[in-house]
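I am attaching a structure below and will ask some questions about it afterwards.
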Amino acid sequence: MIRKMLCGAGALGASLVAATAAFAQDAAGAVPAVANPGNNAWMMTATVLVLLMILPGLALFYGGLTRSKNMIATMTQIGSVAALAMLVWVMWGYGLAFGPEGNQYISWGKFFLSGITPDSTAATFTDEVISEYVFVSFQMTFAAITIALVLGSVVERMKFSAVLVFALVWLTIVYFPIAHMVWEARGVFFVMGALDFAGGTVVHINAGVSALVAALILGKRRGYPHEPMPPHSLTLTMVGTGLLWVGWFGFNAGSALEANGSAALALINTFVATASAALFWMLAERVSGHKPSALGFCSGVIAGLVAITPAAGNAGPLGAIVLGALASVVCFFAVSKLKPKLGYDDSLDAFGIHGIGGIVGAVGTGIVFSPAFGGPGGDDFEIGAQLVTQVSAVLATIAISAIGTTVAIYVAKALTGLRVSHEVEVEGLDIGEHGERAYN
Amino acid sequence: MKFIIAIIKPFKLDEVREALGAIGVAGMTVSEVKGFGRQKGQTEIYRGAEYSTNMLPKVKIEVAASDALAAQVVETIQQTASTDSIGDGKIFVFDLASTTRIRTGETGDNAL
Amino acid sequence: MIRKMLCGAGALGASLVAATAAFAQDAAGAVPAVANPGNNAWMMTATVLVLLMILPGLALFYGGLTRSKNMIATMTQIGSVAALAMLVWVMWGYGLAFGPEGNQYISWGKFFLSGITPDSTAATFTDEVISEYVFVSFQMTFAAITIALVLGSVVERMKFSAVLVFALVWLTIVYFPIAHMVWEARGVFFVMGALDFAGGTVVHINAGVSALVAALILGKRRGYPHEPMPPHSLTLTMVGTGLLWVGWFGFNAGSALEANGSAALALINTFVATASAALFWMLAERVSGHKPSALGFCSGVIAGLVAITPAAGNAGPLGAIVLGALASVVCFFAVSKLKPKLGYDDSLDAFGIHGIGGIVGAVGTGIVFSPAFGGPGGDDFEIGAQLVTQVSAVLATIAISAIGTTVAIYVAKALTGLRVSHEVEVEGLDIGEHGERAYN
Amino acid sequence: MIRKMLCGAGALGASLVAATAAFAQDAAGAVPAVANPGNNAWMMTATVLVLLMILPGLALFYGGLTRSKNMIATMTQIGSVAALAMLVWVMWGYGLAFGPEGNQYISWGKFFLSGITPDSTAATFTDEVISEYVFVSFQMTFAAITIALVLGSVVERMKFSAVLVFALVWLTIVYFPIAHMVWEARGVFFVMGALDFAGGTVVHINAGVSALVAALILGKRRGYPHEPMPPHSLTLTMVGTGLLWVGWFGFNAGSALEANGSAALALINTFVATASAALFWMLAERVSGHKPSALGFCSGVIAGLVAITPAAGNAGPLGAIVLGALASVVCFFAVSKLKPKLGYDDSLDAFGIHGIGGIVGAVGTGIVFSPAFGGPGGDDFEIGAQLVTQVSAVLATIAISAIGTTVAIYVAKALTGLRVSHEVEVEGLDIGEHGERAYN
Amino acid sequence: MKFIIAIIKPFKLDEVREALGAIGVAGMTVSEVKGFGRQKGQTEIYRGAEYSTNMLPKVKIEVAASDALAAQVVETIQQTASTDSIGDGKIFVFDLASTTRIRTGETGDNAL
Amino acid sequence: MKFIIAIIKPFKLDEVREALGAIGVAGMTVSEVKGFGRQKGQTEIYRGAEYSTNMLPKVKIEVAASDALAAQVVETIQQTASTDSIGDGKIFVFDLASTTRIRTGETGDNAL
């Protein structure tokens, strides 16, 4: 959406062309536009960076937070749903999200990538194009990481088979439609004019809310909260944090679809918002009388990255710093004060950070976009009106995620039983579900 | 004075510690061990190489207790650590020739 | 080769120019073509990604599979042979593989990179060029990772000095000639028209077969197979797997030498073939009555990456998915059923995955290249004829690797004794060969 | 500086334009030059690679060398000062180093990045431009890693609060001025014509000398040297080494500011100088009667990377190999023979490798730049004269670093007490300063 | 009943376990320890800092056995674990005051 | 012969080892344990989840010594390991029924 705002009607036009261009070419065999190698180069790099976020990034971030008896299971679940998402994406995901035919809720066509060739191109937000295979791959990694993020709330107790079934259903009925509504030129939120540069709603609010719902249905880990469950390796969690930050530049700056000034803005914002969030989380700890912690640093980094995602190309660096700090403090309270009170077991805080941070970011984007706050918005930009748009997009996303996740989880339960046996949970999923130990 | 060594299932540690605290055991020393016995371990497979190790993770608790308390300690551990399933472990009791608290040099029951 | 097919005579022409262009420029001082920054940018990124595959990628993948007493030794061997390969490459490797003078088996000239300047360029498969220093560096990383891969079968028992001697000889008499034959415009396999987009024969079959031969000559690890030798850290192996996948995009998509549609095709295939292979390995485990395992996931990822290497720009996404699945299942049986029967100690399955997977990939490429399977081949493409070419290239590679490796190993044996003492093997190579412990 | 030499007056001109261009544009609203997507793409990639060097790269390299009780504290210190540096950079760092107004020692203006927009550009060393936000981000990562490097000498005993205060002061009074003097067109060393392609003086000599001074003032770790303090995880140190090498290509080849032949030269030199240094360190160990070690390999890699930094685009590959080997051997003696004699506790050898290696590199650059050694220098290049320039730049840097660090450390001491309590040092900083354990 | 503690070289563990199984030892408890004694350790060097730690990795085996079996257990371990080289380790035998099986509460020889 | 088990603070290990060497103790076996007692551990917090574990890292030293030497060993450990602060640890002494050196099969004091 940021996109539409950024380049006015042009973008919409461009996007529409995008949706049809490649088509036309194949059909009418018209002379295809050629991708500028620089933009293709950046988008391939960005795509690879998003994979780095998942494996090993997220696998380490999440895995380090679990107990060692569940380390391998956590990493394998993440890797497997990512792999599954990639296959589903090329089979029907891309078609449902970005297919040539469709309405504001869903699209179809190009299933199994039919009709796409190395010469096919996809439009950017200017009159440039990139190779369509690159666009397909870039978007593919978004689907893969989103489902992987959801798993953060259900680790250490969900069956591996259940995870796979859940992922298959969830991607199909939740992710692809939302991706279409937000990013495709005909999508309802796109048309509404909601600002979401790199996927705050599609990826983070969506993953966070789905994670919460899944955790509520699945139930707590045995022994939670009275039994101590400290992270088995904060070292690995910090490594994962670093890799997530590094990879996130592909996620955010890549969402410009070109190596242009908009990408450059997203780049610097992804540095400063994150840096600010990391320090503010530790500050919040200090202020509430605790020691500034390593996990606090890591949590702040993620909170900042989540919050800046929708605002990456939609804010000035100072707006980004403020947004990062705000999201960080809010998430700190959500995770360390609110969660214990409510008592649900969002094991690795997928909701507490991606859900809450995503909402702060999505709403905040409606403010920092304003030139008054150094944002790229035009002088005619009205914060009030934009906030209404942002909030409605957020609420709609929450509703869809919650309903879809409920369906997906119950399907998984019906087919697999959902939760591992008491013995397996005690022994650990590594040995129980995969017949291996992480460390020998 | 008696010295009690108990081999238990790892997830029972907290319960046992609380139970012993309740009957007035001031301290204990805990270590991770691997246990071999009747209980059969899960088989692990790595690229077709199958290891059905019967070496299972256990926790070893060492408690020194006055003769008066010793019997109760054994009983408490036995009851708390039992799950009625193979592999619950063992309790071994030894006679202690002497005990010393390093900090103070106190010996005997005062050392505990 | 894929290259020739991809762009017909043009490619060959271009390649020939490639081989001579930079030369001409230096000699005749003709006005040099200038590299498009986009292509240079992508190729530099790709080059760096291949280094990521070696260190820390492969070092972690292999290291995690060894016992902790040999962790550091495994990582140091990998790092050291890679470093050695880089030096040898600039001294005589590049000259022997891509030198200006030569025949179909070997080339010479440009030793010590003489005559190359920052302005020198190398041709791609179109009429574009990239900086020759970038081309030299990209190819350098291929030599480095190939020798590192070979070590997978001989870890935990080979002397560090022997590893270095072996690497030096092997690179010179096996790798450089094969690289010349497959990738240089005058090379015998190149002229034959064998399809190998990113090095299935040069890198994987070559490394796999050499690994097998080396392991057979070196002998089993003491205590193998009756003594349990479980991976000391599957966590690190999974991290290595993730980094290998990430880096492999440089390896495969970089082999297009440009940030164009061919690279884009290689990019998406490197996603889907791998995803499919990862899931199919776990499926094969399930079907054979075991639990789907983390190491199975990792092994599948590597098998898929190996298989798609020669086909990366030579198959449609669906062909890639099928090829990945097939290679994965074949490797699963080779590694977990066949190897135990044959009883040799290919310790980390360098042959079982790179050798077998490479062969499946090389042969399979002759099929999926066909438009009938969604491949980029022309309508006149004949599977039968191509298969003959593919198979003969494979057999020739196997022969050269086997003979050359035998020579190299015996040279190492004569000079160093090859194998560590019984005590060192028992105590571990970390302390015995390097005087350190991996963990304190 | 290499820059000036590379492109003669042109560069100086370009640089001057650089400093003013963006300005003019905003002010006069002149039609802005547009960044070539290929150069922007490479520079964004390079920027991300430098972040990879810090987190997780340096955090793992340093962390692995500490004792496990201080692992998390070491990583958190590195992450936190990097985050702090990013915020300070956009607030006043960029202005003090590259601001529009100024003299040969410092500049000002553009505080809080005022006036910079997505369309603003910065000049390279040719007549190309890149997005100014990219240039700001790239330079930001240099400030971040430099302060992080300094911490290597003071780990395991310095208070977290002291680290933050020290970083804030040090960046402001040491780093920003030196960066201005070396890299800004009006800077005193720039004008002098000192050769420093990627920051040998600004980053490495500066960090190394500051580290030494800080360690001397802070004092030894309790128990040093008689108590054994072996690295708690050489495995993680090797992973960090690999990531540092990978990221360093962004650091060195990125310093060309374009994806051109100069970047290509820096690329290949960053391979071969490092490979040579890694092997020569192990050789030096062997020659001095020890076993070639994993830590030796890692130390050699870093020594080589440090030494080639100022020479990356200023030497031919063979000159790079020699420079790397030389620096490696010198650092080996400095670290393993000299340090024990002098008896100070430069805990992770930040001075021994970055300081010493940086000096060898800076001086050596004055030699290998000569065409006589295959360097890109013109025929009129005079080694003698250049050496004088190099040495004076080095001495000046040493003086500024030493004085500034002394001030910064005493400020930190006054405000925080500088050093942790005896108990915390014994128990470990992880639990004492952050209330966490790295491994559970 | 007797309680036997044996310190052996790590790579001997499997052999010893099999040998003990062969003479009817139902179970044992194993842990990793560091041993200090006559055997000199390899020197480790990290950037010139030389540590010649004499703390070597050993494995500790704990076996409770009936008085009848005890002597045979000691003999078996001694013979299986010996490599005739310094550092093979020691075997220590203690008297057990009592033994309990946690699962059932059985005591004495039945507890093994 | 006596068997002495001492639980001490980790950073005291080297000192104790040297002190014991000085009085002629030929060897010992060391392991890492967690101790629970009067000494209160630091609280750890992870995202608001607070664990004030009283399980503190300790080092366990096991030394077999001749009856003659035993008393001196206990005294030496007590004096060297003491920091006069809570948590210094304990020393437990047991009677040894027998000792065997695996390498040679020697028994009794000769086995040490």
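Chains: A, B, C, D, E and F, in written order; residue numbering restarts at 1 for each.
To be clear about the criterion, a residue touches a chain if its C-beta (ideal position, glycine included) is under 8 Å from a C-beta of that chain, and two chains touch if they have at least 3 such contacts.
Not measured: the values here are computed from a predicted model.
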* Structure fact -> Counting C-beta pairs in contact for A-D and for A-B, the higher total belongs to A-D
* **Homomeric contact chain B-chain E: same or different residue positions, threshold half** => different
* Asked: CA centre of chain B versus CA centre of chain C: separation in Å?
  -> 52
* What whole-number Å value describes the gap between the mean CA coordinates of chain D and chain F? -> 47
* Where chain E and chain F are represented by their mean Cα positions, the distance between them in whole Å -> 18
* **Per-residue overlap in chain C, given as positions that touch at least 2 other chains** => 36-39, 41-42, 45, 228, 230-231, 290-291, 293, 295, 435-437
* To do: Hunt down the residues of chain F that sit against at least two other chains at once, touch-wise.
  => 31, 44-46, 94-95
* Return all touching chain pairs. => A-B, A-C, A-D, A-F, B-C, B-E, B-F, C-D, C-E, D-E, D-F, E-F
* Could you please specify the touching residues of chain C with respect to chain D in the complex? => 35-42, 44-45, 47-48, 51-52, 54-57, 59-60, 63, 71-73, 75-76, 79-80, 82-84, 86-87, 90, 112-113, 117-120, 131-134, 136-137, 140-141, 160, 236, 430, 433-440
* Touch list for chain C against partner chain B, complex -> 225, 228-231, 290-291, 293, 295-296, 299, 335-337, 339-340, 349
* **List of chain B residues in touch with chain F within their complex** => 3, 17, 26-31, 62, 64, 94-103, 105, 111-112
* Asked: Which part of chain D faces chain C closely enough to touch in the complex?
  -> 36-39, 41-42, 45, 49, 67, 230-235, 238-239, 241-243, 245-246, 249-250, 253, 258-265, 267-268, 271-272, 274-276, 278-279, 282, 290-295, 297, 301, 313, 316-318, 321, 376
* Structure fact -> In the complex, the residues of chain E that touch chain D are 44-49, 51, 53
